[in-house]
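Each of the next two complexes has chain A plus one more chain, namely chain B in the first and chain C in the second.
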Partner chain A sequence: MTAMLTIKNLKYSRNQRKILHDVQLTLDSGKIVGLLGENGAGKTTLMRLITGNAKGNGTITINGVHTPVQRKAHVSFTDHLNGFSTGQKINQIKHFYELVYPDFDGQRYQELATFLGLDGQQKLAALSKGTREKLIIALTLSRQVDLYLLDEPFSGIDSMSRKKIINSIIKWLPETATLVVSDHYVAEIAPILDEIVVIKDQTVLVHRATDDIRDATNMDIETYYEHLYEGGTDHD
Partner chain B sequence: MTKSWSLFKAFSWPRFIRMNWIVAFELLILVVSNIWTAFQGDFTSYALFRQVSSLMFVMTFIGLVMLAVYNERTVTAPTYRLIPIHEWKFYVVNVAASLINLLYLWAIQLILYVLTLSVSFNHFPAQASGLVFGISHSDGLKNLTIFWTLMTVMGLLGILVAWSTISLVHYVTKSAGSFLPRFRQKFVNTIIYLVGVLITVRLVNILMGAIGYLSSRFFSTTELSSVWLGAGVMVAILIVETAINLGVLTKWGEPNSN
Partner chain C sequence: MQFDDKVPIYLQIKRVIYQEMVTGQLKAGEQLPAVRQLALNLTVNVNTVQRALSEMITEGVLTSKRGKGNFVTEDQQRIGALKTQLVRAQLSSFYQALRALNLSDEEIITSVQHYVQRRGSQDDGHVND
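Take a look at the complex of A and B:
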């Protein structure tokens, strides 16, 4: 295994309020990693820092490159589709992605869109929360990069759509790529996770393999995660 | 990495559609108002020309504001800032996409102007022909070329400086969040807004001075140094503001968080 993502001494403040500090993290290639933490813990901020959209202090390296512009070419992240007008159709957004991302795979997008039931003629304003998330997943996974980031793809989505999204992740995620998926509900995604990273007290509290957690603690991932917040687990 | 040309196409398309909406709206106004005038029996081709002449300024202004909004929204939207391209290329392409679309809007306005002018020319009141063309003067055509060339240069520079000033104020106020607590940000932002207003007032001064000078010298071929001086000042402001904008954008300029 080679290190896909390395974060060293990362800190980030906004309005003189510390949001993340002393973040150290190394993720290997070919892993599906759950980025867990309660609301406001800093999961989205960490993702924005990884992509280079947020500017913190410290070193972030993705597959050997560390400048924000180089990192952007190695990471696929769709930030809530902000910037597109609500009148734009799904096909127009797809066309935009094809234009600006040389690694965008139109064929893979079509397969994903069909699987997820996306209608290219639908306007952004007409999309339900679930369909919007499906579009985000289709766009994100259609790029051919080393690292994929999905920010709370299951929030406010019905269980059938969740299953569909999870299946699309399993089916279309390239084997050598790493996926980081953030959420504060663990149960749904736990079966597909190789590792979890828990953000608490503005830093990475735990980074551990899910198999290791199950073997060593005899707990499922959800229970283990809940114990972390209750203070019932030794973090070492 | 994203190619600048690809980004230019991606940024231009929605702006191009908006500019066409403006043109469509303008044509609709012209058609409706002239049908109404014709219905009342007052329609003349000269009235149509006058309508086009005044509407073109309104439409250009609307286009200008709309493109300024696009400029700022593109920089603050996280989706666009995830595109793998150097910040300076991103900035230049963003402004270029707006500028080209503004030129497109101008070109359409010019076509409408020339069309209605050619239709109505024979029905012009005598004094109006002189005002529009100055062709009755011996050097009229030559001076007209100089006048419009300088007006275009000054206009373009004015627009670029206006856009870069808006960006400067916007970027700096947004970046204040990286260093200051919320209360101090408000204080600093007020100062920045004041500086922005001062630059704008100064800019309008230069533009008005240039237009006044050009108008007064319309029939004269004497030196135009003060106009070029005004253009030079605007170029200097543009270079300084662009450098600051790029520095702020690269170092601290974050898009909006959700």
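Take a look at the complex of A and C:
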């Protein structure tokens, strides 16, 4: 087991408001990690800090490299397709990815797109929430990197799309790569998670293996997660 | 496949495979699907499948052949022992539950006999309980 992501003393504020502080986190390679926390807890911010899209204080190391530019080559994150105009077709977005990322694997994208039922001629504006998330998954997993980040891919989508997305993760996530997937409702993805990381009170409250939680507490992951909020005062 | 999220998933995967071995769905010497395929079939993490299989290899119910994959043991006795073990585990929790209701050993045997007889006659028709 080798550390693939190491975060030390990470701090981030925006408009004088503390968003994250004292974040310490080490993730091993070859894991699927659930990043949990309430809406606004700082999950997306943490992902943007990891990719270097946001600047905080502290050190973030991915497979030995520190600078944002170097880190970007090791991490795949599609920030909600924010940069694309709604008139663009799926194939145009894919083409953009091919141009921008030398590690983009067109063959893998085709397999994923076929599996997920993506139609390259469809425009971004015409995509349902589920299809949009499927496109994000296909684009994100088609890069060949060490770390993949998915920001709430399951929020507001139907169960069939969810199942497809989960299966594409199991099928295409490289064995030695680590995937961090954020969600505020863990029950739907608990069976595929190796570990959970819970963000609460602007920092990492818990980082624990899921089967260890089940074994030690006899609780399902959702209940354990909810308990962290009910018993919140114990941690002060 | 639906898992009980309160129980470690690797234990539940082991149970599924034990069950298939004991009932003959997986035959002695048969090759298991690849780890990733098993993970897809069960909708679980590849590492979790790997952990379950590793433990079963250590237990001797599976054998791993390098570069070929994982196989059910060809040792019929080992599978027989596994079945005994599974039956005993079921009986043990069942026995404890009935003892907890203050039934004596004799009462347990009698009620099991009655139950099986009633069950047997119902099975000719349609049982739905």
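Basically, the second predicted complex is superposed on the first by the 231 of 236 C-alpha atoms of A that agree within 3 Å, B and C clash if a C-alpha of one lies under 4 Å from a C-alpha of the other, contacts with A are read in each partner's own complex, and residues count from 1 in each chain.
In the analysis below, contacts are C-beta pairs under 8 Å (C-beta built on N, C-alpha and C of every residue); 3 or more make two chains touch, one makes a residue touch a chain.
The shown structure was predicted, so the numbers you read here are calculated from the model rather than taken from an experiment.
**Q** Using the overlay on chain A, decide if chain B and chain C clash or can fit next to each other.
**A** Here chain B and chain C can both sit on chain A without a clash.
**Q** So, does A:Leu99 touch the first partner chain B, the second partner chain C, both, or neither?
**A** In the superposition, A:Leu99 contacts chain B only.
**Q** Given the touch rule stated above, what does A:Asn39 touch, chain B (first), chain C (second), both, or neither?
**A** Neither chain B nor chain C is touched by A:Asn39.
**Q** Pick one for A:Leu193: touches chain B only (first), chain C only (second), both, or neither.
**A** Once the two structures are laid over each other on A, A:Leu193 reaches chain C alone.
**Q** When the two structures are overlaid on chain A, which partner does A:Asn15 contact: first (chain B), second (chain C), both, or neither?
**A** A:Asn15: touches chain B, not chain C.
**Q** Let me test your reading of the model: by the given contact rule, A:Ile170 touches which partner, first (chain B), second (chain C), both or neither?
**A** second
**Q** Output check: A:Asp215 vs chain B and chain C. Expected answer is one of first, second, both, neither. What do you get?
**A** second
**Q** What is the C-alpha-centre angle with chain A at the apex and chain B, chain C at the ends, nearest 10 degrees?
**A** After fitting both complexes on chain A, the angle is 160 degrees.
**Q** Once you lay one complex on the other using chain A, what is the shortest C-alpha distance from chain B to chain C, in Å?
**A** 28
**Q** Which of the residues in chain A come into contact with chain C in the complex?
**A** 30-32, 163, 166-167, 170-171, 173, 175, 187, 190-194, 210-211, 214-215, 218-223
**Q** Provide the residue numbers of chain B that touch chain A in the complex, in ascending order.
**A** Of all residues in chain B, those touching chain A are 1-3, 6-7, 9-10, 14, 73-74, 77-87, 177-182, 185, 251-258.
**Q** Residue numbers of chain A touching chain B in their complex, please.
**A** Touch list, chain A to chain B: 13-17, 44-45, 48, 51, 53-55, 69-70, 72-73, 77-85, 88, 96, 99-102.
**Q** Along chain C, where are the residues that touch chain A in the complex?
**A** Residue list for chain C touching chain A: 3-10, 36, 39-40, 43-48, 51.
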